[in-house]
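Here the chain labels run A, B, C, D and E in written order, and each chain numbers its own residues starting at 1.
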Amino acid sequence: SNNTEEAGNKATDETATNTPVENEDVNMTIAVNAEIISLDPHDISDTLSGSATSTMYESLYDYKLDMSLEPVLATGYDVSEDGLEYTFYIREGVTFHDGTPLNAEAVKYNFDRVSNKEKNLKRRRNLLHVVSTEVIDEYTLLVKLDAPFAPMLNRIASIKIISPAALEKYGDKGIITNPVGTGPYVFEEWTPGDKMVVRTNENYWREGPKIDTLTFKPVTENGARIAMLQTGDADFIYPMPTEQVKAVEGDKNIEVIEGPSTIARFTFLNMSKEIFSDVRVRQAINYAIDKKAYAKVVKSGYAVPLTSHVPSTITYHVAQPEYEYNLEKAKKLMAEAGYPNGFKTHIWAPNDTENMKGMQFISQQLSKIGIEVEVVPMEEGTLSDSIYKAKTPEESTVNMWYVSWSAFDFDGATAKLFHSANIPPTAPNVSYYMNPKADELIEAGAIEVDPEKRAKIYAELQEIIWNDAPWIFLGSDVLLSAKRSTTEGIFVDPSGGIIATQAATSK
Amino acid sequence: MSEKLLEVKNLRTEFHTDKGKLVAVNDVSFYVGKEEIVGLVGESGSGKSVTSLSVLRLLPEQGNISAGEVLLEGKDLLKMNKKDIRNIRGGDIAMIFQDPMSSLNPVLRVGEQIMECTKLHLKYNNSQARKHAIDMIKRVGIPVPEDVMNRYPHQLSGGMSQRIMIAMAMSCNPKVLIADEPTTALDVTIQAQVMELMLELKEKNKIGILLITHDLGVVAEMCNRVMVMYCGRIVEMADVFSLFKNPLHPYTKGLIASVPKIGKNADVLPYIAGRVPDLSQMPKGCKFAPRCSEAMEKCYKEEPKLTNIDGNRQCRCHLIRERSEINE
Amino acid sequence: MSSPLIQLKDIHKTFLASKTLFGENKYVHALNGVSLEIQSGETLSIVGESGCGKSTMGRILNKLLNPDSGEVWFENNNITNYTPVQMRPIRKKMQMVFQDPYGCLNPRMKIKDIVGEPLLVHTNMSKKERYKTVIELLETVGLNERHAQGYAHEFSGGQRQRIGIARALSVNPRLIIADEPVSALDVSIQAQVINIFKRLQKEFNLTYLFISHDLSVVEVISDRIGVMYLGYLVEITTKEKLYKNPMHPYTQALLSAVPIADPTHRRERIILKGDIPSPIDMPKGCPFSTRCMYAKDECFQTIPKLLEVEPGHKVACHLKSS
Amino acid sequence: MEEVKMQEAKYEDFKIENPMKEFARKFLKKKSAVVSLGFIFFLVILAIFQPAPYDIDETDYDNILSEPNSEHLFGTDEYGRDVLSRIITGTRLSLSVAVTAVTIGAFLGSILGIIAGYYGGLLESLIMRFCDILFSFPGLLLAIGIVAIIGPGLTNVVIAISIYGIPTFTRVIRSSTLSIKELLYIEASRSIGVSDTRLLVKHIFPGTLPALIVTYTMRMGTAIISAASLSFLGFGASPTNPDWGAMLSTGRDYIGVAPHMLLYPGLMIFFTVLAFNLLGDGLRDTLDPKLD
Amino acid sequence: MKQYVLKRLLNIIPIMIVVSIIIFMFIHLIPGDPARIIAGQKATLEEIEIMREQLGLNDPYIVQYKNFMLGILTGDWGNSLKTGLPVWEVIIPRMKPTLILAIFSIVWSVIAGISIGVISAINRGKLIDYIVMVGASSGISLPLFWLGLMLMQIFSVKLGWFPTTGIDSLSSYVLPSITLGAGITAMIARYTRSSMIEILKENYIRTSRAKGLSEFIVINKHALRNSLVDVITIVGLQFGFLLAGSVLVETVFAIPGLGRLLIDSILFRDYTVVQTVLLIFTFQFIIINLIVDVLYGVANPKIRYQ
């Protein structure tokens, strides 16, 4: 019997020694609610693909957590008096994962790729004003614009730099599955629709993550995502479903993290329609909605009221006087506008539960001032078809569209939504908001390079839009993520991007 | 009279249906002797099959035997445990059924189905069983037994299937063979072949056969003794010659009269009016009384008993009873 | 003799044997050049063993099936290619009675509706008239008004067969095709139905095609009898001749195989060897050659024609024709 | 040998048994089916009278997601609405979605099935190929596809579920028609000269009824589940409607917080579907149609 | 038999052509402009227009269909509109999980379903029959996704026996296949039961009892073999259910399979992927039907030897 015991011990010894070998790698998993669409950082428009590519790619400038910009692959920049020429100083001593050195030539290669109209990459819209890029010397790059454009640096920040050698090697399609950047992680594997795995870049130019691999895993079912966190199958989840915060509150192993966002939640009121053409009606609607209840019911309390058409996280935001919840006032305004008994209308949004909840809430609230709102959930593709098929305001059939918008800068959060040139089918100014004064201010703000003057322009613009009330101003999300208490260094920025540059764990 | 191989005494079989309890076989007694073919005739639904199934306790689950004895050489089959009765089935008592086509398992080869028997009862190994099966198939007159062994039932004609059934039944040298309408589903020319075969087997193997049929012609040609059944009761029992020459029970008379006879048919055929009553609506008194042309008042009130006549005949009829009482 | 009421001329009929999953399709040769005629007022019986094509013949006569080749004549009209609409008035004149008394009555209809259906289809009678006629018909076959309200499953086999006959009679047909009308019945009841057939023939001057496999039953009712084997008509003649002097070896065997309900009459029988060949793989020569004890070389090679060897006695056998 | 005299039967040789009575007697023996029928009956009562204790749209933001208590037996939902009331009121909606969808499917499917089975030939091939193609897209996917084309919402869910119910009915009715067509009594009627239409309507269709009834009952369960699954995937009823599936779909977001929102609508769907399935089983045993 | 299979295989071609037309029409009937969805909410009209041109969406449908078919014939199935990857690169990695899930589910359902059905049939009318069959009926009465979520709560979150989601190890497939197989098990059990009950009434069962065989052999050799012939067909039919169910199960358990891919692609109007996946489903269904027919023929000597 001694013998067998020994054998048994030996076996356990073996597994004991084996286990650490297997587990030598420190692996972390981030469960997210959607799929990574592509790993070509120039051809993506969704936040999650952005987060995923950010683990491997970097840009000249990037946002810090407070949405201010910091130099990353650049060490600094100059801008000419007229605002038409930007000179970037590229960081020295950085190499791509494939060993290609980073230099001005490489950056130019990237900018040219993005600007190429033929390729029609999604990030091209950020470089529309760029007419040319020139290499001054090995580490200096000159970018020329056709017109001054204030948020240029923000747009530059959105262009990640890919190894030119890799682009040559893999081609435009091949680069999707063979990402080569300068970032803190090196690509390991990606199964479209399933997980993406990256491994820490040993040669990262600055201090990087303290783990070995990081996995992004799409788990669309909210309950499943939380279950993963509860069991430790995931170290970090984003988004944390607001409804379920209570469910994990008691769990010592789990921490819920709140953060402000650049996401505005609102409802377009189609002003080209008779019923919404009167500003009093639009204001009445804004008065009739209890924003606190909205936050509580629709966002389980994780939202703050919107105090301007841009969330407070956006630079140049100025808080406007609140449309307080006041049914009397609302009814009065409605009566003045000639609708003492309200009217019938409908609201559109995609058919997921959260959007439906939002629509339902609005419908309930407005019923109190006699507006009967039919809730019409639509499948996403159908919805955008229904909105954009109208070639003129008269053809439009949309009445209300419950929607959200997120942008990095003020212009991004304004121009497409309020400039009269941007009504459908061109862009989503679905309120058909056509105010010449506002147009003027939007245009002026975009080219004003002086921050102070810009602030003034935008302050005026905000006031005008707020008073015109082309939207129901509902709220701005509080971003919720959750992590195991062992997890360190993973953050969600206000735009919803996941930053894992410093990821570490004590598990 | 030969020795009694199989003897059934006062058998009573009931069915529990959603219409209540039905008595399908009531107070049935008979025996089968060695090297003897005993016929059991009666109209459809009279209880012939139930009687035969009761002997081997093969009734469907709604049925149960509530009284009586089934003696095989003195041992009561009804008192045996499940294992012992299984040894009897296919061993000492073999059965063949009306529809040979559906009585063979469609997904098993014919050979396999025959071999199963001998493997079980005679503990043959595979090759012994195979040899024996081929032998049996040859004996029932099928020319290329090796070929037939490998066929599936649907590849056989009706006559061949019935011969296979007989081969299967005979393969463990049973003492008694119960044949429930073995030729009814067959064509006359094939029926003649099968009847011939059964007669031959009886001679050679000295077995007793209980032959169930509704065809009086078959009875006349094959049987030594005949029992006539009506409504679950035996109404008359006699040797085949006496029965056909001098039927006693009005039912037997009617039955024999209504068979068309080539060359002797009258212009209007005799028949028995009415129908066999449903088990759930049995008349009181003599079960045949409502259809009987000679029925008396008594017949509707009191059920007659099976009476011995002339020593080796029995009849269940008030008329006969009165006559025999007078005789006594 | 007047012109025949109905005539079959060289009828061939095959069926797809069943769409086989694997391998090619095979055909059942159900009828192979059958010709016969039935005179008005007579009873022609067709006997033969299972699968020999009796029912198929009945169906073709009634145009429930179309022959592959050959012609069907009724009252001097070639009805082979009649459409269902053209057939309507003819259907009125020829009705069928079926073998299976359990299957031939719709279990969901009342007896009065079953018997009344031909009237509904072929006449303009009012509901009341129809009902009256139905009751009369039921009485003709020994049932009564009370039975009219019942459903088929409540009746015994004999009663159902009588209902079937009543239905066939309802439109005063000239011809009744009875496909094994008594085979499924117990002897004691079978006689009753045969008697009804005989009585009605006299009463209504009916012509019968009486299909059966039982030679002893056929003897009671027929004027003439045809014997079929494997899709061929092998012998046809009057009742008397057939029983006294059967010519075809098959007919002889058939007659000798019929069990006789008389134990004193046990006799030597002709026991045929083997089984009826499959109508899918027909023998090359005479269909009976595989089982015939007199078969000669010729029998295995050529198919004998049905020839009149005596007045009113046709046989298809090489032995008799030579 | 003496002649046996003929005589008519002296006893009652014939007894009329009402087919409905016979059916009832057999059916009542099937306890689970009877209980199920009772439950369905109860649901129908709920659907008609809607005895909900609270107004289903009455929101109470101070009392959201409260657990089942004496005031709210099944708790409240994310708007503080009474879950029990919503379930009760939702009975009408959920049942009528299923009933309408299955009825439409059964109607169209039966017509196609009967035509295919009776006429055969090219028509049959066309119909059956059409069904094969519908069948080759798994049921729910087909419904999703249809909803994707015509948009979500209850009406469209009904349309989708009825369309994907068609091939099932077509097949069942066709095979039932095929077997009935072969029956002797059909041949008997044809030999009489009964027209095709009458044959179809009077003889064949009633024969397919048992199969139709059983399939119909079984499909009810499937339809309810499918509607709920469509809701789950976001293709179904709008959550303003107190549809069980929609409630379940919303409820799953609260799985750890307010399990009652997931549990009760789930149980309701479960019991209803179970009841239809058990009833279907019972009917099948009683009516004994041959289904394939 | 070879001939038969060959004939059936040839038959697939016209069916697939018809199906491809239907699928093509179906896809283009769905409202929603892929170019706009791909370009994203913030895209400009110009970008969208270029996109439409590049994707060939401005061509007439006939031309689009022609290109689609030509592409298929030349082996170029196009690129996923969503990711830009060749369609097969998107699809192939998604096949494995669905396949494993399907096989696991069908295997356990067949084993469990048949056993339950047989037990129930031989105990017909007894308590155990009652319990088992009500249980089986419950199996088909549960909304799949509900069952999945419940199982996950109990076995992953509470008990920690199985991973919550994913496909990292075979144990990840346990809960999904239980979820997916529950309904199929129930269906097979019910079918086996009724088939067994019918078969136990058959004459040849009486014959085998009359031979003196033990009940065990009668059931397992004589009855079961026959009922399997019937059950095979029903198992074949379950594959449709399996595919549909996999959509739900894959959603709940975050399994990157074909079903989920299809739904996502429909939502994204990723036409090329949708049509390929649908063609795969159809093809698969036809092949499975063929296999079932062949198996049926093999199991059923009546058909084998005709």
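Note that contacts are C-beta pairs under 8 Å (C-beta built on N, C-alpha and C of every residue); 3 or more make two chains touch, one makes a residue touch a chain.
Treat the numbers as computed from the prediction; the structure is a model and nothing was measured.
Chemist: Strictly by the touch rule at the top, which chains does chain A share as contacts with chain E?
Modeler: D
Chemist: Does B-C or C-D have more contacting C-beta pairs?
Modeler: B-C
Chemist: Which chain lies the greatest distance away from chain B when centres are computed from Cα atoms alone?
Modeler: Comparing chain centres, A lies farthest from chain B.
Chemist: If you average the CA atoms of chain C and of chain E, how many Å lie between those two points?
Modeler: Each chain reduced to its C-alpha mean, chain C and chain E end up 52 Å apart.
Chemist: Go ahead and note the Å separation of the Cα centroids belonging to chain A and chain D.
Modeler: Each chain's C-alpha centroid was found; their separation is 46 Å.
Chemist: List, in ascending order, every residue of chain E touching at least 2 other chains.
Modeler: 30-31, 149, 153, 251, 267
Chemist: In chain A, what residues contact two or more other chains?
Modeler: If we look for residues of chain A contacting two or more partner chains, we find 221, 223, 379, 381-382.
Chemist: Where in chain B do residues touch two or more other chains at once?
Modeler: If we look for residues of chain B contacting two or more partner chains, we find 254, 256, 258, 270-273, 275.
Chemist: Would you pull the chain D residues touching chain B in the complex into a rising list?
Modeler: Residue list for chain D touching chain B: 1-13, 15, 25-26, 29.
Chemist: What part of chain C is in contact with chain D in the complex they form?
Modeler: 59, 62, 64, 84, 87-88, 91-92, 95-96, 98-100, 103-109, 117-118, 121-122, 142, 146-147, 149-151, 154-156, 159, 164, 167, 171
Chemist: Where on chain D is chain C touching in the complex?
Modeler: Listed in rising order, the residues of chain D that touch chain C are 8, 13-17, 19, 183-185, 187-196, 198, 202-203, 206-207.
Chemist: Which stretch or stretches of chain D touch chain A in the complex?
Modeler: Listed in rising order, the residues of chain D that touch chain A are 57, 59, 61, 64, 78-79, 147-148, 151-153, 234-235, 238-240, 249-250, 252-257.
Chemist: Mind pulling up the chain C residues that touch chain B in the complex?
Modeler: Residues 49-50, 156-159, 186-192, 194-195, 198, 213-217, 219-220, 243, 253-266, 269, 271-272, 275-276.
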